[in-house]
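What follows is a single structure, written as structure tokens, with notes after it.
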Amino acid sequence: MRNLPNARTLIFGLLVHSFVCGNAFAASEADFKQAYAAADAAERQAGTLRNQWLVTEAALTDAKKAAEKGDFDRAVAAAKEAEALAKASIFQAESEKEVWKNLEIR
Amino acid sequence: MAHVDGAGKRVSMRWLSILLAALLPAATCAAAADDTDPAKEARAFRDFFVKKFPNVKLDDFANGPYSLNEDMRRQWEEKEQFPPYEFSLESGKELFAKPFANGKHYADCFTNSGIGVRQNYPQFDVKSSKVITLELALNQCREANGENAISYTGEDMAALTAYMAFTSRGKPFDIKIPDDPRARAAYENGKRYFYTRRGQLNFSCATCHVQNPGERLRAEVLAPALGILNAMPIYRSEWGGMGTVSRRFITCNSQVRGVPLEPQAEDYRDLEYFLSYVANGLPISGPGSRP
Amino acid sequence: MASSIRVRAIANGETTEVQTLIQHPMDSGFIKNDKGDFIPAHYITELAFEHNGKPVFVADWGTAVSKDPYVKFAFKGATKGDDLKVSWIDNKGESDTATFKVQ
Amino acid sequence: MTILDSDPSITRRLVLRGAGSVALAGLGIVAMSAPTVLAAANDKYPEDAFKQKNDKEAIKLLYGRTAEPSDKIKLDAPEIAENGAVVPISVSTSLADVTSIAFVVPENPNVLAAYYRIPQGTLPNVANRLKMAKTSNVTVLVEAAGKLYSATKEVKVTVGGCGG
């Protein structure tokens, strides 16, 4: 299957990403709010492009839950992950505006 | 792309390179032709599958993965002896015949009283300037008669469309694109949606159903895009029940880890318009059963 | 009253082929719902076919029979127009009975 | 398919809509009058055998003996199940005096799937649809003239039918 490696690349990217994003410093509630607002804005932009990802939504939920428990390190990490994912989905939607034509059967 | 801090930038750059790597192979096979006559495109679409699967009879594409896999076909034929959608079909027949509170019927909303008309849907309605799918037409009929709309993904909608498909079995899809730029735009939008990669897996509908039909994705044998709606609605063993076109599109989106659109969203209706149009000439085979 | 039982019984010479489909969830008890709780086992335990007051086929089922179960068998001695009585009972004590004509 | 134009009784309203757990409530009244056919079939439901996790134990409980393989049994099952939730499996045999047929799936949580009693005059052919949790052998047992025979075939399952 020609296209499965793409999926694997993306999933692998995600794993690597969550690994490198571990935070060494202790985050505050303000850090979380800032990170969450950035992630939320990006996800809303993905929404106007009709291209949100399930994992982004899951990361946003994680961030919120962690913050509610006072675990701001985790909350910030999850929010940053959500932001990166949302931005990837925006990039995908923007580039697909033209690239989709390459797949068309003519 | 603007970034707040260094860490964010690193991450995004990584993503950029991963995405570019994913997109590049596709980009190399760009065709420059800008010939967009839908009839011509539909022919090319059909020819692609006929050439890819020279042993499959054209009409058999309406049977989805069963046209491509002998072992699965035998299991399907065994199940067709007493198909699992039969209860839904009967319930659909009853629902269809049941009068609304005002005494009118679904039959009053359709040509030929709704019998043998499934192959004419979706239609482009010039008045409202939108694609009317069979599911939407059923709910419009309800609302015009003072009834509440029913769920597009629920059992009753599946049952009603199952019955209407059953009375249309064997009739070839006959989807019209009226000479109206808005109709043409709806078709083009459906086509765009079909080929657009989305979700975390970076799959388009075409990734599975044009490039890899007949292959196994995990356990499922992927159906060819040609004729993929002819068998709708379907009883899926995976669902343990019936599903409408709306339900199928939504699960497709989730499977590539994308957030699905709402049922009967414009993009979904246009997608159905495109997929049905390119299947013109292939017989309605619904209701169907699928793994 | 409504029936959960569908039967096609077709006589061909001295043999009658019977196909049956029953509407039943056949919950195995091993599947979880959306909340993560196990859906309690709910399955048909016995299904019986009777021709002229005589049992011609009796099925004892466990949890591994598919949802909306199907079974096919054939027996001798029936002719067109004969009655075939079909009954099932499940592990919760629910049941259904219906009579069909051999075609 | 002729269901829509054949027996009018077939289009009667269904009680059992979908898989809802309360869907059967309407049948409670019927349950009071225990079905006569079931009463007529005086063999008891082999409850213990259906609870077994081990195929040998289940066969022992059901028949009190072991089976010998027979090439007179034709077991028809797919190589790869399209979905473990619905695996069509059928059997026919040229053995004489068959009194029962049973299907065992050793890798299922409960190994005994179905047990069919075959009275005289009923042909020793059965087709049914079974759930399979994962790739497993399927064994059919045929009790004929007081002896027990078996046939086995492997079915690959990539999407399990038992969930969990």
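Details
Letters A, B, C and D name the chains as they come in the text, with residue numbers starting at 1 for each one.
Here, contacts are C-beta pairs under 8 Å (C-beta built on N, C-alpha and C of every residue); 3 or more make two chains touch, one makes a residue touch a chain.
Here the structure is a predicted model, which means the values were calculated and not measured.
No other pair of chains shares as many C-beta contacts as C-D. Averaged C-alpha coordinates put the centre of chain A at 29 Å from the centre of chain B. Averaged C-alpha coordinates put the centre of chain B at 36 Å from the centre of chain D. Per-chain CA centroids place chain A at a distance of 51 Å from chain C. Centre-to-centre, using mean CA coordinates, chain C is 11 Å away from chain D.
Of all residues in chain C, those touching 2 or more other chains are 6, 23, 67, 70, 72, listed in ascending order.
The residues of chain B that reach two or more other chains are 79, 84, 86-87, 240, listed in rising order. Shared interface positions of chain A, defined as residues touching 2 or more other chains, are absent.
Every pair of chains meeting the touch criterion is listed here: A-B, B-C, B-D, C-D. Those residues of chain B lying in contact with chain D across their complex are 71-72, 74-76, 78-79, 83-84, 86-87, 89-91, 93-94, 155, 166, 216, 218-221, 237-238, 240-241, 291.
Per the touch definition, chain D reaches chain C in the complex via residues 3, 7, 9-10, 12-16, 19-21, 23-24, 26-28, 30-31, 34-38, 40-41, 43, 45-46, 50, 85-87, 90, 105, 108-110, 112-119, 121-123, 125-133, 161-164. Residues 79, 81-82, 84, 86-87, 240 of chain B are the ones that touch chain C when the two sit in their complex. Against chain B, in their complex, chain C makes its touches with residues 6, 8, 19-21, 23, 67-68, 70, 72.
Contact residues on chain A toward chain B in their complex (touch as defined above): 1-3, 6-7, 9-11, 13-14, 16-17, 20-21, 38, 50-55, 57, 80, 83-85, 87-93, 95-96, 99-106.
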